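Same chain, two partners: chain A is paired with chain B first, then with chain C.
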Partner chain A sequence: MKEPAPNNQLRDLPLVKAPDAIWESIEAAMDASLDAGPKPKWTWRPVWAWGIAAVVLAAVGAGAWLITRPPRAAWAVDRIDGKITEHGKIEVGDWLQTDASSRARITLSDAGAGDIGTIEIAPNTRVRMVASRPGEQRLRLARGEISARVSAPPRLFFVDTPASTAVDLGCAYTMKADQDGNGLLSVTLGWVSLEWAGREALVPAGANCRTRPMIGPGTPYFDDASQALKDALGSFDFDGGGTSAADAVLAEARVRDTLTLWHLLSRVEGTDRQRVYNRIVDLVPLPKGVSPDKALQLDRETLKLWREELAWKW
Partner chain B sequence: MVTGLSDREISADIIESCRLGDRDAFRALYEAYKDKVYSIALYFFHGDEAAASDMTQQVFLKLIQSIAQFRGEAGFATWLYRLVVNACMDGARRAKPREAAANATVDALAGPGSQEHDFAREETARSVRAALSALPVKFRLPILLRYFEELSYGEMAAAMNCSMGTVASRLNRGHKMLAQKLESLR
Partner chain C sequence: MEMVKLILACALLPAAASAAGFTLSIGPPVAAGTGKKVTKTVGASFAVRLEECEALETAQISGTAEGLVDSARRSAPVAIVATGSPGVYVVSETEENPGVWVVNVNATCGKAKAGAIVAIGPQGFLRESTKVLPRAATKAEIDSALKALEKPAK
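Up next, the complex of A and B:
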């Protein structure tokens, strides 16, 4: 049967690697099922002697494993106000939910790094502990608001939201997600990286970044940027504002807004990219070691060096 | 741990070991299919990684619970993708309001590119993702099954519990709608 276009474009869609945390959640659920006792309804059928022996061996093995296995990872949970769905602790796979009048606090701990911080769960929020293993602590924010204060090494604590993953780089921040999956990150200390499908935004203290499902993180901006810049950025990131929206951002940008312009550089092409570049160097002279050609070609090392120099102004 | 098996190499031995509760065998099964199941879920749920993770987890947990009932009359992949179809449909029913919101953002999805160096490719992929997202569930699902698992029409019909004619018709209409949406996103 003939398939019309656009089948070639569909074949180019990349297969996405499933996160490792899924297996951990499955194992946790399997463990929980073992803890709850045997549930399968066994039906009798003739078996060979070796089959019985295998079952006995498996049972002995499972018993030994149950006795010797390490305890399941958990985070401590404290109620701050009102009623919450979990008390004392949550384990991998567990949900924690607050209502309109309740708040809770999670203490994050990592087997390798010890206590690494706290997360305050605001009212009307639903979160889930997704993974807890040495080197990876992962929370899912389904909806609502959390405030995290993390002292872990960079890239150890992750918050998955419907539109992006917030990767802690040593910081304090607030993350919100509404019913439609739209999010807002506000960083108060340090840096957070927002990531989704190869798209990344690096957000420093004092800055915010909006997120949308299927688009990922927008372009970061500082709290004290002009409202006109914020509006234009929203239009550029999520409403197809294109060149006219980018122009409005350029016109409104101050020295500090080179944070926004640095991100914008790699989100536009051709003459638009040249104009963004020109505006950045108007505001802050190009530092030594940053090649204009390489910057315009989005060479990763060059952009990183440039960002590190610009960050002194942020 | 056994890993790296292709989905066509899952043997009766592995399935039998899973029935006996062998965790390594189940891990092998998981490794063979996880990326395809996750990708279908991710594209089905408008790129919501958390929802895709949840659905992938549900599918494999359901698989563990019910593998004893797998008799091998149909291929293992067909049986697995039937679980995927059911989980997607359940998820879609629960997420009706979200679905409408996601569809409303389709025009915006063809917006500016990412930090990836290959802009043209990334732009095309973004447009296709956006157009796929906007397709109604009954057309979106067969297209995802076709392109990520390359199921035959017969296998898709078994997975979706419908006739091959229905599969062909939905694929055909889905392709046409997709082509129209991609045209309008250019």
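Up next, the complex of A and C:
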């Protein structure tokens, strides 16, 4: 008789439910095994540790930056009279305002050049420190009047106004701006360049220049120019006076007013330019090295040389 | 002997030629150019340029302020500062004094000399009263310039 295969014998065994006690003993054994065996690689505890380390590192980094960072650029502010909105210093973005009876003084400093001058803030004036970085110190004059005395390399100190930017070329000057943004620059020492949208006026000591929003700097003129010349210039620069206003300027010009005519040359065209040229040459003979053709073509180097020579007569 | 004179004359000719027409231009400080450092001065200042001098490296310039204060003559030093432009200087008074003043400027270019009496007014140098000379000014010329300046004040 052939014995049945073991598989068949197993198949024939009856199914019997295991007693509950077996499952309990299995679970107990598994728990014991988990406690005794190796820890899983990722658990909540290492994540916490990394987090704390990151926070500590960030705190140390921030502390080191706070200790070693360069001091925030600031200008010293001194009250001269009355009450002012800031006292002690102003930093980039700060406004400084004076009322009808107050005045203040700002001491300008540059990281590279050191103390570079002072600005006196007149009553009813509002200014803002716009930038202070090596090679650029910038103030905004929103309205009112400032008097600056700057002893710095050229093109380091700038005053933005609603109608132009005054660029220091080694100078002392007063800048005014009214509520409408109209301005007046008066230079007492050295040179200031007034610039706006590619239009430029070079203003020497003893001269003034008016500015208008959306037009920029007008034509510079000396304090002692005739009132008729000043009026005609105002008409030419800002009221569309055109050729008739330019003619009045030419008629009134003295030797010293070649400052005005030199600027006018590049602001007129065609026969008007030829007439301005002729008037300058009538007043001061053309110096050596200045070509008439190049001057009339507004060659930059020629005009610069001509201005430098004319300045000896101002 | 004639030959020696001729040789000497030929030797001196270049030096004389290099300074032929040597003179001074006087102008406002702004004539010294843009970008000059602003220096606080107590008195007036003006610019001087050496003209027609081909040997600027050997040229020399000096000056003193000469004044008339309560009818008494006074002298004071001036500051002469070379600018970035060859042969151009800015001359400044170093003291502010009452009375009337001129600045006596002397310059040499080789063997050539030039001078100027620069009249000083309340607002700076007075162009109309300034005299440029082909030599150093004499004491009499300085006194005369001071007296001319004193007259309008009376």
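Going forward, the second predicted complex is superposed on the first by the 246 of 314 C-alpha atoms of A that agree within 3 Å, B and C clash if a C-alpha of one lies under 4 Å from a C-alpha of the other, contacts with A are read in each partner's own complex, and residues count from 1 in each chain.
The criterion applied here is as follows: contacts are C-beta pairs under 8 Å (C-beta built on N, C-alpha and C of every residue); 3 or more make two chains touch, one makes a residue touch a chain.
Remember, it's a predicted structure, so these values are computed and weren't measured experimentally.
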Which of chain B and chain C A:Gly170 touches, first, second, both or neither: second
Touched partner set for A:Leu202, first chain B, second chain C, both or neither: second
Partner chain in contact with A:Ala228 - chain B first, chain C second, else both or neither: neither
First, second, both or neither for A:Pro154, with chain B first and chain C second: second
Most chain A residues touched (candidates chain B, chain C): B
Partner chain(s) touched by A:Ile26 [first = chain B, second = chain C, both, neither]: first
Partner chain(s) touched by A:Trp312 [first = chain B, second = chain C, both, neither]: second
Partner chain(s) touched by A:Lys17 [first = chain B, second = chain C, both, neither]: first
Partner chain(s) touched by A:Gly190 [first = chain B, second = chain C, both, neither]: second
Partner chain(s) touched by A:Ala111 [first = chain B, second = chain C, both, neither]: neither
Intersection of chain A interface sets (partners chain B, chain C): none
List of chain A residues in touch with chain C within their complex: 117, 149-151, 153-154, 169-172, 189-191, 193, 202, 204-206, 308, 311-314
Residue ranges of chain B in contact with chain A within the complex: 20-23, 27, 30, 34-39, 42-43, 46-51, 53, 56-57, 60-61, 64, 68, 97-98, 101-102, 105, 107-117, 119, 121-122, 124-125, 127-130, 133, 143, 146-148, 153, 168, 171-172, 175-176, 178-179, 182
Chain A-touching residues of chain C, taken from the complex the two chains share: 25, 27-31, 33-40, 47, 49
Partner chain B, residues of chain A touching it in the complex: 1, 3-7, 9-19, 21-23, 25-26, 29-30, 40, 54-55, 58, 62, 130, 140, 142, 160-163, 165, 179-181, 196-200, 212-216, 236-242, 266-269, 298
